[in-house]
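Structures are listed in the sections that come next.
Two complexes follow with chain A in common, the first pairing it with chain B and the second with chain C.
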Partner chain A sequence: MADSARSNSALGWLADPLASTADAAQRAYRFTSDRRAYLAPIAIGLALLLVSLVGLASNASQFFYSYFIGWISCLTIAVGGLFFLFFNHLTKASWSVVVRRVNEALVWAFPLLFVLGIPILFGMHDLYHWTHEELYVEGGPKYDEILAGKRGYLNTPFWIGRVVVYFALWIYLSYKLYVLSVRSDVEGGEGVPAKLRKVSAWGLPVTAVATAFASYDLLMSTDPHWFSTIFGIYFFIGGILAAVSLMVVLLASFQRVGGMLEGVVTKEHYHDLGKYMFGFTVFWAYIAFSQYMLIWYAGIPEETLFYKHRLMHGWEWHSAFLIIFHFIVPFLILLPRFTKRSIPTLSFMAVWLIVMHWFDMHWIAAPTQGAHHTFHWLDLTLGLGLFLIFAGTIVYRLSRHSLIPEKDPYLGDSLHFENV
Partner chain B sequence: MDNTTSQPTADQDHSAGHSHHESLVKGDLSFHDITEMVSRHTEKKTPLAWYVAFGLASSMAGLLLLSLAYQVWNGVGVWGNNQPVAWGWPIVNFVFWVGIGHAGTLISAILFLFRQKWRTSINRAAEAMTLFAVMCALIFPTFHVGRVWVIYWTLPIPNQMEMWPQFKSPLLWDVFAVSSYFIVSLVFWYVGLIPDLATIRDRSTTWLRKKVTGFFALGWTGANRHWRNYEKAYLLLAGLATPLVLSVHSVVSFDFAVSVIPGWHTTIFPPYFVAGAIFSGFAMVVTLMVVARKIYGLENVITMDVLEKMNIIILVTGTIVGFAYITEFFMAWYSQVEYEQYAFINRAFGPYAWAYWIMMTCNLISPQLFWFKKLRRSIPVMFALSIVVNIGMWFERFVITITSLHRDFLPSSWGYFEPTFIDVTTFIGSFGLFFTLFLLFLRFVPMVAMAEVKGVMPEADPHYYDEGDGRAAGTSVPFIQPAQEDPGRNEAGETRGGR
Partner chain C sequence: MLDELTRELKATMGIYESDEEQVYGLLAEFSDPGALLHAAEAVRENGYSHFDTHSPFPIHGMDRAMGLGNSKVGFFSFGGAVTGLAVGYLLQWWTSAVDYPINISGKPFFAIEPSVPIMFELTILFGALGAVAGMLALNGLPRPYNPLFYSERFERVTDDAFFLHIAASDAKFDETDTANLLRKAGALNVELVQDDGSAETAPASSL
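Right after this comes the complex of A and B.
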């Protein structure tokens, strides 16, 4: 048994910064399923990406849009997971200790997402209208005074620089949280919660600022004339909802399919995760409503255009679908106690909310390519493909370490946790 | 009856398995001690200091009354409001007080749903403070309508004039939002009070006191069924109050944000106003509790740990608010709308720059001191900072209201807004009303939720008495002693209060 966790090889670092510590883990907390659990989703994901290359040849613009929507959905889930982890550390939550490793495995998705983000650089011209040079030719036919005014901020080198900074920060923080926790499995957990709390304390405000600006740069600037101060909150709240949902899906499949964590993660923990799903569903609706309400009521053309594009050419159905299935239906289903304690129902809703999160990202980004574009087969292949790779690598990380932070001093509380 | 002697041993045994949980109540207090510590302030002879404080506060409230009478007699013109600053101090004060009135229900409802047990020592006083703050808030729009005697026209009451309020106006939504919030907060506060009122009733030594508290205790006996219904009602009310906490200040923010006024119309307003409200409300709770716990000797119940948690929330919400200021500024530039840009540059560097920088310093910068554990656990620092925060939050509303209005779309009407003497006396007077009501609360109502505090003490654990065959662990003294003859202050009253 190793007495300290070593670093992984340089290439493997992308997927997991630490060498496997699974041998040191207690039997009850070990990943006992086989390699297919993560190889299958990753392989299917890669296959879907390969199939999509056909689309790249025939319709490059659509390819980049679909790729971007899939990628930003995964990225927001990782950001949401990072926030959820911060909250749990900062509030000294003890109930969540047994579900925390899944959350930690989730946040180490940033390095991979960074690499997966590189293709977007080749689609900047399609995705980001503000990259077009002719907009800035004074006196030219396409000169855009507004975009020329914000060129100091929205220009490719500065944009790339900022995105690199955001990723550097996210990766650094998730490295700290992941490595401190996984190392504690081998090296002992005394004093680790305090260290994790310390990282989270400064990490939270810094990540909040980075995430808000990332939301403007990555997503809001696909419609470069439009602006909304609440957008950063919208971006992160949808992500955190999907992140909690993904944790439920992973835990439920580990238990029901893999037969792991029996008696460790109980109904009580699902119930609490379900409460968060409910709470963030409502919070998402609150933010989405606030944004719509204020823009609709004031009726200033430069703002209302965003909604106008999403209320015509078939997009009105998407908008209605979003309200009904991202808010009303999950709200009603997740409100009662028994649905949150029924693992099949809760897992179904978790999958549902992850799909709705992707739908939401699609609803924001896709109309900017032209109001007539709704769904394309590439949306499915690239969205699902990227998500499977994203989820598969989470399972891969989990397979290499104990499934829970087994030496956490609060573990006892978490194992015996009951909702009262 | 005193259990304290046998308690320490038991305490140590039971806490052994949970060494990292710090106990919420310090000083080895028993259930009875809690009852005694809290109830006696409503029972003892009124101290002279209370009369002095009450005299001062009610004189200030008198000033409010005079100012309002003067305003009703002469009209709204006695205030500084004028074109283009049609909304002056009254709306600033309204939002200021409504904001403060967010802490109580947040502490009782949202923290209850999050099972934050430390809330129990402060929720009662915070909720009372909330109700009083909302009352102070409601004064301003009520009198601002000009003809206060027809204020009921704001309600949709069928009438022979076929006149209805303007449903499209956020000001009307305010009427609904704030009044629902007030009613639900009041019911929530009262429901929480019932077990404690019964304790006070059972301790009463005079006929009148017994009748009055007995009336309000609704025949509470502490029966199992009573507790069951009570806890269900409390949970449901907490669930109902939670969206209300968020909706009230969201609707207040709509007063500004649905308009097309630069600096007002920005989508972040609802969550940012809610964060600001929590920020100011918690600061007010700290201001009041730091003083009250000292004067009433409640340091072991309203502990330093509780105050520290309050201060952390102040730090978090202050930072959120500060980041919202920066976001607005950035987005005004990013929007490339020249009016938005001007509004914000004018805020920061125009004639009201002094107010803007007071706001920034008090709300964004000063709470950052709470990063240091030593400072957030220091009574003088937190007391001073809590006041600084509320000064800052008043200035935030001043900045939002005045700077966006004083230079409107017609430069010929630009001017420098100044409040009148009556503006100032009305505002000072509202503090008088607030403190008058709060002093009455401290004098007549148990200021700490005794039953709830007992519920989070180790003795409330069903297994607390397991060891030693129903006896205190390690001693041969029975832990629960038989009830005594004296019906006044005996154990029965205690078990009723506890849960």
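Right after this comes the complex of A and C.
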């Protein structure tokens, strides 16, 4: 039995910065399924990506759009997970200790997402209209005065530099939160919550700013003439909703399929995660509507164009579907107490909300590709493929360590937690 | 039949009727929150349903010990919220499109977009009012008169004493047996509370 957790080898570092500590974990908290639990989703995900390469040859623009939508969906989930972890530390939440390791495994997705983001560099010409050189030729037929004015900010080298900075920050913070917590499993948990809180205290505001700018750079600039200052919150709230949902899906499948964590994660914890799902569903709608209403009221063409695109040529159905199935239906289903305490119902809603999060990202990015509404088979293969790799590596990390921070001083409170 | 139903409904709100001899019930005092919790469990397990506990502060786990189900306040809140949503919609439509239509920068007289904040606020307001009204109704409040006020000991209930009251209207109520049960559950003292409707009456005698 190791008395300190070692670092992982160079390549494995991407998936998990620490060597396995599973042997040191208490039997009740161990991951007991076999390798198929993570190898199967990763293998299917890779296969789907391989199949999608056919699409790259025939329709590169569509490939990059579909890839980008799948990638940004996973990235927002990781960002949301990071925020969820921050404020649980900062509020000294003791109920969430037993679900925290899943959250920690979720945030170490950033290094892999960084690598998976590299193909997007090759699709920047398709994804980002502002990269087109002819827009900046003064007097030229395609000269765009507005984008020329934004060029000091929206240009490829600066854009890449900023994205690298965002990732460096996210990776550094998730490294701190992940490693401090996992190390405490073998080295003891005294004083660790205080350290985690300290990292979260400066990490939260800095990540908030970085995430807002990441949302402008990565997603909002797919429609470079348009701008919305609330966009950063929209970006983050969709992600945190999907992150909590993903935690529910992982925990429920560990318990119901894998027979793990019996009596450790209880209905009470699902109930609280369900409350967060409900709350963030409402908050998502609140932010989405705030953005829409202000633009509707002002009626300025450069702003209304965003919604005009999304209310014609078939996109109006897409928009209506988003309101009904990202807000109204989940709101009514998650409102009563019993649905949040029924694990099958809650898991179903969690899968639903993850799919709707992807749908939301599609709704934002895809209309900039073409005026007419479309779903392409690449949307499915790349979206699902990237998500399976993303989720599979989370399970991989969880399989290598205790499933809960077992030496956390507040573990007892969490185990006996009850909703009043 | 209807009387019976009303009586049971009022009992769920903590309002019990006295019996023919004006006996309101038995009031037992307990030393601490834990003792009260276990006493409530014992009383419920012995098949009583018309009883209530009184303490200076909320006691964790008491709902379960007393066998109280989930709060039904949520239904009142939901009803209020739906009413508020509808009222907000009607208010916006009637004031801006029917009663006093004004053309403001060419916008439609009635549109859903600017109405949503009003509908939202009224949903919250009516939902909150529904929750408060429902809470008061389900608790049988406000209730300025309660026969328990005849007990001198009961005055300490907002300070440092813990009481359990079993109503005479309970089907299983029996002055001697019930008092014995309460003593067995660890009561410091048990007294019979009379509802004689007169504040001048001497305090109920200790059994």
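Following the convention adopted for this analysis, the second predicted complex is superposed on the first by the 419 of 420 C-alpha atoms of A that agree within 3 Å, B and C clash if a C-alpha of one lies under 4 Å from a C-alpha of the other, contacts with A are read in each partner's own complex, and residues count from 1 in each chain.
Here, a residue touches a chain if its C-beta (ideal position, glycine included) is under 8 Å from a C-beta of that chain, and two chains touch if they have at least 3 such contacts.
Bear in mind the structure is a predicted one, so any value in this text is a computation, not a measurement.
Trainee: For A:54, select first, second, both or neither according to whether it touches chain B, chain C, the two together, or no partner.
Mentor: neither
Trainee: A:212 in the overlay: touching chain B, chain C, both, or neither? Say first, second, both or neither.
Mentor: first
Trainee: Contact-wise, after the overlay, does A:115 reach chain B, chain C, both or neither (first, second, both, neither)?
Mentor: A:115 sits against neither chain B nor chain C.
Trainee: Contacts for A:297 in the overlay, against chain B (first) and chain C (second): which applies, first, second, both or neither?
Mentor: Both partners, chain B and chain C.
Trainee: Just to be sure I read the superposition right, which of the two partners does A:194 touch: chain B = first, chain C = second, or both, or neither?
Mentor: Neither chain B nor chain C is touched by A:194.
Trainee: Give one of first, second, both or neither to describe whether A:324 is in contact with chain B, with chain C, with both, or with none.
Mentor: neither
Trainee: Looking at chain A, does chain C or chain B touch more of its residues?
Mentor: Of chain B and chain C, B contacts more residues of chain A.
Trainee: Going by the contact definition given at the top, which residues of chain A touch chain B in one complex and chain C in the other?
Mentor: 293, 297, 299, 420
Trainee: Could you list, by residue number, the parts of chain C that touch chain A in their complex?
Mentor: Within the complex, chain C contacts chain A at residues 60, 63, 70, 74, 78, 105, 107, 113-114, 116-117.
Trainee: Sort out for me which residues of chain A touch chain C in the complex.
Mentor: Of all residues in chain A, those touching chain C are 289, 292-293, 296-297, 299, 335-337, 420.
Trainee: Which residues, counting only chain B, touch chain A once they are in their complex?
Mentor: Where chain B meets chain A, its residues are 17-18, 20, 115, 243, 246, 250, 254, 257-260, 265-271, 319, 323-324, 327-328, 331, 333-337, 371.
Trainee: Give the list of chain A residues in touch with chain B in this complex.
Mentor: Residues in contact with chain B: 145-146, 149-150, 153, 201, 205, 208-209, 212, 216, 227-233, 282, 286-287, 290-291, 293-295, 297-300, 302, 409-410, 412-413, 420.
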